[in-house]
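Heads up, the next two complexes both have chain A, just with different partners, chain B and then chain C.
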Partner chain A sequence: MTADDYLTELAQWLEIPPFALAAGDKTPRLAGALARLTQHHRRHCPAYARLLDIFGDDATAAAGLADIPFLPVRLFKEYELASVAPDQVFKTMTSSGTSGQAVSRIFLDRATAAGQSKVLARLMAELIGRQRLPMLIVDAPGVLKDRQRFSARGAAILGFSLFGRDLTYALDDDLQPDLPAIEAFLARHAGAPILVFGFTFLIWQHLYLGLRAKGRRLALDNALLLHGGGWKKLQEQAVGNAEFKAGLKAQTGIERVVNYYGMVEQTGSIYLECPAGHLHASLFSDVLIRSPADFSVLPAGQSGLIETLSVLPFSYPGHALLTEDLGVLLGEDDCPCGWRGKYFTVTGRAPSAELRGCSDVRANHE
Partner chain B sequence: MSNQEKYQQVFIECFGVAADVLGDNFTYQCVPAWDSVGHMGMIAALEDTFGIMMETDDIVDFSSYTKGMELLGKYGVTF
Partner chain C sequence: MSKRPLPADLPLVYHAGAGIADIDCRPLPPYAPPTLAFLADLSRRLLADSACRTFPDIAAFGYWCRPANLVRLAAAAAGPQRRLGRGLALHIAPANVPVNFAFSLAFGMLAGNANIVRVPAAPKEQTLILCAALRELFAEPVHARLAAMNRVVGYPRDDAITAALSACCDARVLWGGDRTIAQLRQLPMPPRCVEIAFADRYSLCLLDAASVAASDAAALAKLAGDFYNDAYLLDQNACSSPHLVLWLGDEATAARAQARFWPALAEVVRDKYPLSAVQAVDKLSDLCRIALELPAAVASTRHGNAIYRIRLAALPPDIERVRGRHGLFLEYVSPDTNCLDAIVDEKTQTLTCYGVDREQLAQTIVDRGLRGIDRIVPVGRALDIGPVWDGYDVVGALSRIVATQ
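For the complex of A and B:
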């Protein structure tokens, strides 16, 4: 498979509504694409080929999603895994990680980076349409200061800033609500639809609690809030999705709050929360829940490790990853919201997992 | 100022380059300033200059100085 083949196939997929295919149509298509990626990476990433040999992967046997060999996500912290020549790497992404912890290093060629942006754009169009909206970023402008090496937070902000205009930061560099900046932004876009983006923990800890402490309420009734990065820090404060939504509505008027689940190791093919409150796999991705004991695939309703599948990783062997997140599959193709595909919930981190999470970076120092 | 001159001026100001490097070979990431942050700044400057709003797909496809001129045609900016 060449980069051109990859982009040509992706262009065909982008023509299909991303939450419309039922399992009978989606799964064989996805399994085929993932099996081709396995062969591509086996051929072009010697370390990956050795891993497959050790695991005893039989290339001809891969028939379903569960047969695609998966890598533990932490391998990207321990090894530099790339399936393109070094001169083809045009961007290196690193995961969040507090000082002393290893970070993932993800090597992108132009094709993979373009694929990520196109798929993210396709998924975002389901939420906000094709128009770019005035965008309020719940972070401090300093997050993008080091342009040579972004944090995962910075990389996500940049990726999502494609969908915004008049990008405005809602926090100052002390992570306090920047009320003059926010109010000027709201005055410029009174009555217009607005996109608010940020990390779950920062939104709660620094925007919501900051506003509440100041006794200020924002008029963001026309906004859609998209947030991700994990719930770990908020779970410690007993704040779940329902409390989060209720708090934000009270302090900012925002009614449309959409959580997403994603990771730097599979940028682009994120999982979006539907109006029924469930995370959904799109055409470009899927999840399997595996038993932490023997890695067998668990049925709906049982908690296990989340494996994420994505058609995007071409320049590095990250198309099937066993995360350190725990989750529960809720169903497939029958969510009341009408979106097809698997839907699930993330329940926490595996107990042995090292401390990590995009928006935990600051919290861990507090 | 002609559209060509305005377009060129945005690149000169956003990326700190001389006019004579701007051509077919001036592509995304060819200079350190044209990284993903610089890209969004350049798009915002073009939108201000020409009074347009570009679609996400066109921002993704905006891969070079020359490609950008072609894409701006969709918004009625001709060279």
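For the complex of A and C:
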């Protein structure tokens, strides 16, 4: 498969509405594309080929989605895995990590970067149509300047800002609500549809709580709020999706709040929350919930590790990744919202286990 | 007497015994009657406690210090020389094996010393249960001497406190990873003080392929259960848990033995071992790391997520750097034990084995002058700690000889 083949195939997929195909049409199509990606990466990424050799997976025999060999997503934090020559690398993306943590390094060639943008645009069109909306970014303008933090957060802002115009930052560099900027923005776009974008935690901790502390309410009734980045910090404060939505409605009037689930290792093919409150796989992606006991695929209703599949990773072997998130498949093709495909919830990060044994390292001594 | 008095004002939490300034540091001879009586009572108390059913490690310690075993250990240690405890022993216990502090204390007691045992600031439940039993026995008048000599203390990782205690002790016993040991070693001790450091070690398993292939169903089930205890009870994190399985024999016999042994083990693991989601990801990640970093690895076999096996085409000399967790093993087939020469170094601690003459193998190690392997024990005994451990005669090292000529 060449980069041209990849883009040609993707162009055909982009013709199809992303939440329209039922399993009978989608699954064989997706399985075929992923199997071709497996072959492509086996040929072009020696480390990936070595992993498959040791796994003993016979990739040519791969029949269904569950047979596509998957890698632990954390491998991208430890190894530089690429399926293109170094001179083809157009952009290197890194995950956000707190200081001292390893970050993922994802190598993009032009084809993969273009594929990511096209798929993201196709998914966004389902939410906001094809026009660019005035966009309020719930972050500080410094996020793009700060090299330390310019990572997944900055990249996501840059990626999503393609769907906005009059980009305005809602927080100042102390992460307080920048009320003059917000009010000027609202005055410019009174009555017009607006896109608000940001990270779940920042929106809650700094926009919502900041407004509440100041006793201010914003008139964002016409806005759609798109947010992602994980619930871990909010779970610590016992804030779930329902509290999040209710709090934001009270303080900003926002009715349409859409969560997304995605990761830097599979940028573009994100999972969007539907009006029924479920995360959905699109035509370009899928999820499998795997049992920790044997990695067998679990049926709907059972909690397990989330594996994410994406047709986008061409320049690096990241088309089938085992995350460290736990989730539950809720159903397939029958969500009350009308979107086809699998829908699921993410219940959180798998809790780390207590270390046993005497061969400890100092960090674990206490 | 030039020895500095123990500082009275250290911010210590006393889990058993109170105050260190008045600790009685007059030593006893090894295996002295008051010590044996104390440990025997401790054993009875623990084995009668319902906590034993919840915590097999407490049961194992209680069983270890039963009178019959102590008598056996005393007889094995008896020699022509007069011995006496060295005085005060300071023990820095490991965080991740809760009952090891109790073994360390018992070794110090058996050697005849007064003991201060430091346990982590956030002690495990087993530690608290054991300390409660110690406190009850310390309160009995019959154990007044042992009560006066022994303290279990907790304090946060604080080099200043450990330094203050180190300056007063006659023996220091350190447990921990290599970095912990290196850090603690920076803290000076009095000139006559002896030190035993239980640092990071590496262990492996030697299975005679023909014996495994020929074992009947009962023997195979026992072997699998024993191997499970060695490897899985502490997630392969114990120094004595195996990471490498050497199959002694030819390829064909080894293949038959493997086809019997691993499925039997997988059954035990599926029955007993709760693998968490994170541990499953850890295990897959370890498999990937080994695939990418160990050229000698040629294939893997996964029994669900119960067992990951990685077959080696050769034994690299630094194989001890490759460790499994939660049931990941390297395996290698060898016609004889000469392959040990290349991989055994001072890090190598325990060789568990099945179908192998242990005495003959121990003699081979001596004859070949290998730098490691301190213990050769049957599969199932890897975690059985005792006063001869890590190649040390611990009770001997913690006591001194009063010689005559």
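The rule is short, and it goes like this: the second predicted complex is superposed on the first by the 348 of 366 C-alpha atoms of A that agree within 3 Å, B and C clash if a C-alpha of one lies under 4 Å from a C-alpha of the other, contacts with A are read in each partner's own complex, and residues count from 1 in each chain.
Heads up, the rule we're going with is that a residue touches a chain if its C-beta (ideal position, glycine included) is under 8 Å from a C-beta of that chain, and two chains touch if they have at least 3 such contacts.
Just so you know, these numbers come straight off a predicted model, no measurement behind them.
Once the two complexes are laid over each other on the shared chain, residue contacts for A:Q131 go to chain B alone; chain C is not touched. When the shared chain is aligned, chain C comes close enough to touch A:L51, but chain B does not.
Put simply, more of the residues of chain A are touched by C, taking chain B and chain C as the two choices. Of the two partner chains, chain C is the only one touched by A:P72; chain B is not. By the touch criterion stated above, A:R105 is placed in contact with neither chain B nor chain C.
Once chain A of one complex is fitted onto chain A of the other, the partner contacts of A:P292 are limited to chain C, with no touch recorded for chain B.
After overlaying the two complexes on the shared chain, residue contacts for A:L144 are found with chain B alone; chain C is out of touch. On the side of chain A, the complex with chain B involves touching residues 90-91, 114, 117-118, 121, 124-125, 130-132, 144, 147, 158, 161-163, 165, 167. On chain B, the positions that touch chain A within their shared complex are 29, 32, 35-37, 40, 44, 47, 53-57, 59-60.
On the chain A side of its complex with chain C, the touching residues are 47, 50-51, 53-56, 71-72, 74-75, 78-79, 292-295, 304-305, 322, 324, 326, 350-353, 355-362, 364-366. Residue ranges of chain C in contact with chain A, taken from their complex: 94-97, 100, 120-122, 156-157, 175-177, 179-180, 183, 198, 200-201, 234-239, 241, 270, 275-281, 284-285, 287-292, 297-301, 304-306, 310, 323.
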